[in-house]
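In what follows, subunit A forms one complex with subunit B and a second complex with subunit C.
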Partner chain A sequence: MNIEQTVIRAMRGVAELSDCQLIEPIVPDTLLLQSGLDSLGYAMLVAQLEEELGIDPFTELAIKIYPATFAEFVAIYAQGLEQTRY
Partner chain B sequence: MAEYVVVTGASRGLGLAICRDTLASDLSVVALARTYSPELQSLSEAYPDRCHFIEADLADLDALPALCKSIVKRFGRPYGLVNNAAVGHDGVLATMPNGEIDNLMRLNVQSPMLLSKYLLRSMLLNRRGRIVNISSIIAKTGFNGLSVYAASKAALEGFSKSLAREVGKAGITVNCVAPGYMQTDMTGDLQGEKLASIKRRSPLGRLASVEDAAAMVSFLLSDKGSAITGTTMTVDAGSTA
Partner chain C sequence: MSSLASLLLTKAVTPVIVNTSQSFSLGQLLALAKLWRAEYQYLENKPLALIYTDSASFCVGLLAFDGLCSDLYLCSTELVESIENSCSRLSIDINSRPKQLFSQNKSAVEDPCTLGKLKAQSDTRELVTRWWLASSGTSGQPKWFAHTLASLTLNTKFSNTLSELKWANCYQAYRYAGLQVLLQVLISGATLVDDVTNDLIARLQQYANAKVNAISATPSMWRQMLMTNQLQHVPLKRITLGGEIADQPLLDKLSELYSQASIRHIYASTEAGVGFVVADKIAGFPVSWLQQGVANAHLKIDQNQHLRIKPAHELDAQLEALIDDNGYLDTQDIVRSDGDRIFFLGRASGVINVGGNKVTPEKVETVILSIKGVSQAKVYGQPNSVLGNLVVADIVIEPNQDWGNISRTVRAQCKLMLQRFEIPVKLRQIDSLAMSPTGKLSRSNSHG
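Let's look at the complex of A and B:
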């Protein structure tokens, strides 16, 4: 499963857990805060991905601005995973 | 391991009493402190499967994300967090060293915020959890020589109220316990007439003990405390009545 699929699966899981309705389809330009997840759901997504992937790229890469779109969000995880390889 | 609570400043005083009381319920404890005191060691020996010590200097803020990650990795998702670790330098503000102010605010305010940030993520996924922040009656009453300490505790109370609103719908409660003067190492300098006067003025004619305050923490951690959030529970033998 690639990182994009992992994030989408985690989004679905979190939406179900927090009783949110996720929009379909999630595309690269989808704005995360308009994806159906509220800000707490977004925090849960970061928590879920930390459990699955073992990284919190926002803390580890000291990212100051949280990404707006799905593509930007995925790119940060890709960068975080890349970094853990070295 | 059974559901567990992370307790900071666990080696002595109130933190140790909280560990003892929590272990007496069905919860396990991950005890954080700079030193492994003989008292905490005995407690770990009495509950070898349920009381785990981790050495940590919580004023080292940069180390907190990794610390939380290692706790979750080793023990699973925490049920609760008790932010008890604090320093209480006293002295008039005009001559208090700036480094002391900085150190106090790091340990008493920023550290509980960061521990809450990283440990409540697991609670969000569990859709249940408890955060208890140890404040002090000084946050509201004030006390000569404790202005910075008082500010740090008032900050924790404000933090707790807002965080309670933020995470309530995920089934997580956030509260403060505000003890009055207790005879611990932190208040060891409070002696003689000053101490006698505090006891005399208290409606119950005594000080609250660390066990009294720990019992309130246990209550908030228990199922019985599930409807209490965003508030401060005072345990002071009536001193502020």
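Let's look at the complex of A and C:
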């Protein structure tokens, strides 16, 4: 499963747990704040992804840009995973 | 100390509160307040629960009843439930009933001499009203702490630069942080932009259009604002962070985006009614403040690594048990000294701060322990980069019980009984929980 799929699956799981209605489909340009997850949902998503992927790029990286879109969010995880390889 | 209305008239400041469709000058707010005060004159020397609706309406209430009532309980619609029934309660809506009163008096309001007239007419028989602000108590029930206008405005400044600020209202004014913003706006003669939408992107667009240049928000709110990609359109000159621990990466990000802005993180205690401001864009505060004191208060660290604070004003009598012989209040905030800096680590009481919302572990544990088959539960905070902390629960179940069934019931019951931010995001089944020698749950470490 690639990172994008992992993130979408985690988003669906978190939406169910946190009583949020996720919009479908989630596309690269989807604005995170309009995806249906609220701030608590995002906090849970970051915690869930830390369990699955072993990283929380928001604490481990000096984030240049805070992600606004789904694609930017995925890119930050891709970058984080890339860095942990070295 | 005079009432809020007299104070503003004496200072001759010209604050403005604007919302999406209206703008209210101080003269208009005072004129409306005068009408409310006249109508509710019978509340003289009596307590009143003032229910928040919006900034302008709430401000009218504060102007009307500070100096008239013995006590003002600053409430939301939920908080008012905790106030005794014998106490009068009032929710002011600036757009309904007072509007008729307002139009009858429009000529008076528009008269440029109005402020002078109001000043001349202001009631000299003013008493010192106690302002009550709620804080979440250990049982999760609100606890009320008394303040005075004097103590609440101890650190409020006035200058030409401050009067040019246009503040956005991210907190509602019945909370300590929101009240601080409202009082700062009023006393410095600044502008407050009140918004109604919950959509953060739309709200930031509104701030950009209104040329908002000052925002006070929790670190969690700032992180969300950064995520909108809209924040850079808001021409910020003053950035204030409060209500949670401000971390260095966030301070760095904000100072990178706004290199010219004043970036200040505030430490405040609703209970003590004190706060101090750190303006050097570095997390924590300088160790030298332990010797010098700061903002009319003295600071020290006790043997439990708790920050203790001794303000210039008298503390609420309910806090007595937390005050030492020298008058220092135990803030229950755990700190760590590192070089020339003191850093905040969290709350000693185990209270979990989820994006500025306080969660009492005992309250959540009570809900979990009410479920048949659960023998022990411990609720604690798990650090989170989005909201500071998330609520997590460790649960011990009775032998021969099914974890799947129990965890589903726990989730369902928590949804029913708790607010969303209080519900544990993760339930962990464990074999046993550590107890302290006194038989209490050990809260000194986060796990097990």
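FYI, the second predicted complex is superposed on the first by the 84 of 86 C-alpha atoms of A that agree within 3 Å, B and C clash if a C-alpha of one lies under 4 Å from a C-alpha of the other, contacts with A are read in each partner's own complex, and residues count from 1 in each chain.
Convention: a residue touches a chain if its C-beta (ideal position, glycine included) is under 8 Å from a C-beta of that chain, and two chains touch if they have at least 3 such contacts.
Just so you know, these numbers come straight off a predicted model, no measurement behind them.
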First, second, both or neither for A:L40, with subunit B first and subunit C second: both
Greater subunit A contact set [subunit C / subunit B]: C
Doubly contacted residues of subunit A, that is, touched by subunit B and again by subunit C: 17-18, 40, 43-44, 46-47, 56, 59
Touching residues on subunit A, where the partner in the complex is subunit B: 17-18, 40, 43-44, 46-48, 50-51, 56, 59-60
In the complex, subunit A residues that touch subunit C: 17-19, 31-34, 39-40, 42-44, 46-47, 56, 58-59, 62-63, 66-68
Subunit C - residues contacting subunit A, complex: 200-201, 220, 223-224, 226-229, 249, 252-253, 354-355, 382, 384-387, 390, 411, 415, 420-421, 425-426
Subunit A-touching residues of subunit B, taken from the complex the two chains share: 65, 69, 72, 121-122, 124-125, 127, 166-167, 169-170
